[in-house]
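Pasting the structures in now, so scroll down.
Each of the next two complexes has chain A plus one more chain, namely chain B in the first and chain C in the second.
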Partner chain A sequence: MSASKLSPSLAALMGAAAALTSAAHAQTAAEGGTTVGYRFNEYGEDSFDGAAIGSRERYKVYSQQFQLDTRLPNNAGLDVTATHEVMSGSSPWYVLRGADARPVQVLSGATIREHRNELRGSYTIDPGTASSTTYSASYSQERDYRAGALGIERSIPLNAALTLGTGASLSHDIIQPTDAALYDRVRHEEKNTFSAFGSLAWVIDKNSVLQAGVQLNHEDGYLSDPYKLVSVGSDILPDHRPGTRSNAAVLLRYRHAFAHPDAALHLDYRYAQDSWGVVSHTVDVGWYQRLGQGWQLIPALRYYSQQEARFYAPFFGVDEHRFFSSDYRLGTFGAFAASLNVRKRIARWEFSGGIERYHAAADYALGSADSAVPGVLSYTRGFVGLDYHFD
Partner chain B sequence: MNANSRSFRFSAMGCPCEVKLEGADDDVLQRAAKAARDEVERLDRKYSHYRDDSLVAQLAACADAGGDMHVDDETANLLDFSASLFEQSAARFDITAGPLTKLWDLQSARVPEQQRIDAALAHCGWQRVRWNRPHLHFSTTGMRLDLGGVVKEYAADRAAEKCREARVSHGVVDLGGDLAVIGAHIDGAPWLAGIKTPHDPARPLATIELQRGGLATSGDYERAMIVDGRRYSHIIDPRSGWPVQSFASVSVLAENCLVAGAAATLAMLFGVEEGAAWLARLGLPHLCVDTQGNVNGTLA
Partner chain C sequence: MGTNRAFFAVITLGVLLAGCASTPVQPWERGRLARWDMRWDPDPLQAAANEHAHFSKEGSGGHIGAAGGGCGCN
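After this line comes the complex of A and B, so read on.
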């Protein structure tokens, strides 16, 4: 029965029943019991194309993850994830002003394999309900970097159709760059990050949910990249960014469940702006299709556009510059990503796999491309996973 | 393809319950049926007004003292729904009619005296309850809440959802005649629900095809009391304190059992004429049988 054909009394009945019959925000399948999972991820950047010096083989990351998700007595849940990553490959180092003022990207030599370990945990009271509280903590470590974070999130129902979400987190990062003496890098630096968010989720009817949220972020400390350099006139100086960065983002999420094709549509839009002058837009569209026999297919598309930071340029002239960086991640560029994920459930097992292809270019940005972004990249990412559920 | 067809029977909410499932993997069906049954039993324990340890008993204790109570999300959603039905039925659907229900306890086969009905009425009325989610405040002592009018249909929908979450896509949940479809038969055929003929339960009056959604029936043919040749249904009009002179039964088909049940109950409460007109305006497929045995409605 289409919405336009509902009589007023039926619309009233169905509207009143919405919160009790909502399929759009149904609880996760593992209501009781425990799920353990394994994921293998591969991330590989395309080799560098364009004027370059140094190894063109860019970054590759292989990671393995183990996850445990279990229900505890007294209506609580515990989720623990352990990750081990192996990273190798070269990355953009600095940009030279080449002939005709065209940028020439200098890449670092391919590094030896680096390892990163991370442990994340969260404890939730009343999981899967509209009034849940989650406490989380994480710790990550690699040869030159350590980070620890704590967070709290709370969900508060305002009425049958509206839920308020709030959260805050704090993290502390320490960087001790490798080969610091050899390349005259900083020896030991730290930074603190504080973030908070507020969101409202509105159950429109039993098939749709709309969520609007605001995120605020503030970083303080050493925010430059110690492994990057910048051409300033005829000098090559270390990357130098401000000591603080504040960021605000607004996001909108829409979820709609369809009974006939047994699928759900996910639409997300995010707008962000920060004190460095970076403005970004992100649009995500995903289609979650159940195919029967325990199969689920999820194609998705993403578009991202970013305007550069005030102090970004591939290279700088001899004038006084307080801050400067030629890190492509601060430049003007746009990106498209397409992905396809598959899930198949057989008894207590769930197999999953997916592939994503991402392509970024200065021309894809909304608005004009102010400066070249020679380091901008494309990548392919794939994963396979296995989950086992037991009561 | 090997498909299993299983029927799981149990007793809950004062009625016989059945979960019929179809699927390739018997383990999956067993687990789904267990999850569905656990959910129905959970709701029965929580909301039954026949059991002393239930939430309703706690609410009763609170209501006795005339105090405040903080309710959980699920109860709050049910209360919001009930409040909406109170408004839509112009005060005929009232979950505070507990004292009246207790009074008309059909097992005693006696018509209560008017004095006792008046006394019970003094302790009824949703307008006497202050509901500010999640706080419930009873301003009068001796009030009772009876969520039986919505919980059984809600439980059918929840049980069906549990089966879907357990990856079963073909089946139907039947809680004493209130049905929630999980999905049509594996071959695509609909489930068939028989509406019983009042006064002649063995003979089906109509067979309704269900591909999805819910079917609920409100009626007195199984639970009516007959005293001195007069029929008293178990559906009480909370404005007067007396049973409703209404249809013998009303069946409604909707997107889910909760809405179907609310529609059937409201139609019964409105009485024969107003109920038939209300159902026609509502626009859902329905069947009504009056006490003379006349059958009307879009499914007739």
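After this line comes the complex of A and C, so read on.
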């Protein structure tokens, strides 16, 4: 587990945003059928190639997703998704001050092997319309981490072209680190997350739609990472972060359909800022190219940049800060990702597959980095999937 | 401060959108908008996997589109 993970509350909320907005631009084809889907994903991080102590083999994750999406008789929709993940490998633990003050990353042993199970469900009234209401719930469990979330979303048509989306959710997380006595970790901690969002979707013309949204997120409780340590002077201390974190983000999303070539352009931008000082920019560009005979090719690019939290550094002097963390995810870095997906529809069956390469580095960040980020990583990820459409 | 600026930027954009939306697209003109590849997230399962991978390795929580919950990261 990780304290800088995406909260299930926020995940549910933004899933809701996605669901809302298909209704928000009043797509007329309310799909009435049932679909079942399966995905197998493999994720592997590159081996650590910097100055390090410990295993250099980093994380691998194998995950399976199952989905049922169906219409109910009372003009409602039900969507149930189950996920099972198996994770293993080593991860950044803490950073030592090496020769010439260069950071030396200490990695945990490659003995971690965890499972995660997640169940997510949503019930939507009037799905596929501009005025829908969705109730959602999710539960995720690992050996050391449990999280439950509830959410509600509503879309309201303002006129023929504009749709307002709103939503809120709450989540409660329980953290019970493994080997707590052995490593003097916290035994039992909790945190709560409240999220809210609002969006406007605009049908610009018969080929394009635009969405603008704001999301707010507030976390309260234990937000440190119980598995990470920090080098402070001559001591090695537990990761120590503030007990609250507020985040605000602005989203812009644009879709444009082309007749020649038969394709759709996806452009997304997100700006986020939080009370820890982390500021980020994310740009996604995707091209959905139809090739005929049920084939579709989807190349995509992604760029991400963040500025570090106020209390991040690879290592600290004595009493330098009230809070301190050397988690690379709170440092300054940027990342480029490129992906290519393929889909093929044959009657009621739909096959899909794809690969993504993600490469992160401090040099890719917008602006300059105040501190080194030795743990920053790159990975390759692939998936294969199969869907069956009953109607 | 930045949060306030972002909030007002979106509100302003919303007002501008409302002002621009004077020639609505008729229902019979929305065929392309209803296509699968014009959805915000055409493949929710894949979107969830993508966002879970990206944001479990990045420090700025929140994302565009659907994502998995829980943790499953390190």
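FYI, the second predicted complex is superposed on the first by the 358 of 391 C-alpha atoms of A that agree within 3 Å, B and C clash if a C-alpha of one lies under 4 Å from a C-alpha of the other, contacts with A are read in each partner's own complex, and residues count from 1 in each chain.
Here is the rule we go by: a residue touches a chain if its C-beta (ideal position, glycine included) is under 8 Å from a C-beta of that chain, and two chains touch if they have at least 3 such contacts.
In this text the structure is predicted, and so the values were computed from the model without any measurement.
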item: First (chain B), second (chain C), both or neither touched by A:Thr166; value: neither
item: Contacts of A:Ala347 with chain B and chain C, given as first, second, both or neither; value: first
item: Touched partner set for A:Ser131, first chain B, second chain C, both or neither; value: first
item: First, second, both or neither for A:Tyr271, with chain B first and chain C second; value: second
item: Touched partner set for A:Gln176, first chain B, second chain C, both or neither; value: neither
item: Which partner, chain B or chain C, touches more chain A residues; value: C
item: Contacts of A:Ser47 with chain B and chain C, given as first, second, both or neither; value: neither
item: Overlap of the chain B and chain C footprints on chain A, listed as residue numbers; value: 1, 5-7, 10, 12, 14-15, 17, 19, 21, 26-27, 29, 158-160, 206, 259
item: List of chain A residues in touch with chain C within their complex; value: 1-2, 4-8, 10-12, 14-15, 17-19, 21-22, 25-29, 37, 39, 41, 43, 59, 61, 63, 65, 67, 81, 83, 85, 87, 89, 91, 112, 114, 116, 118, 120, 138, 140-142, 145, 147, 149, 158-162, 171, 200, 202-207, 209-215, 217, 227, 246-251, 253, 255, 257, 259, 263-264, 268, 270-274, 278-280, 282, 284, 288, 290, 296, 302, 304, 306, 308-309, 327, 329-331, 335, 337, 341, 352, 354, 356, 358, 360, 377, 379, 381, 383, 385
item: Touch list for chain A against partner chain B, complex; value: 1, 5-7, 9-10, 12-17, 19-21, 23, 26-27, 29, 31, 129-131, 157-160, 206, 259, 292-294, 345-347
item: Footprint of chain A on chain B - complex, ascending; value: 24-25, 27-28, 35, 72-73, 76-78, 80-81, 84-85, 88, 133-134, 154, 157, 161-162, 165-167, 169, 212, 255-256, 258-259, 262-263, 278, 281-284
item: Parts of chain C lying in touch with chain A, wherever the complex brings them together; value: 2-3, 6-7, 9-10, 13-14, 17-18, 20-21, 24-25, 27, 29-35, 37-74
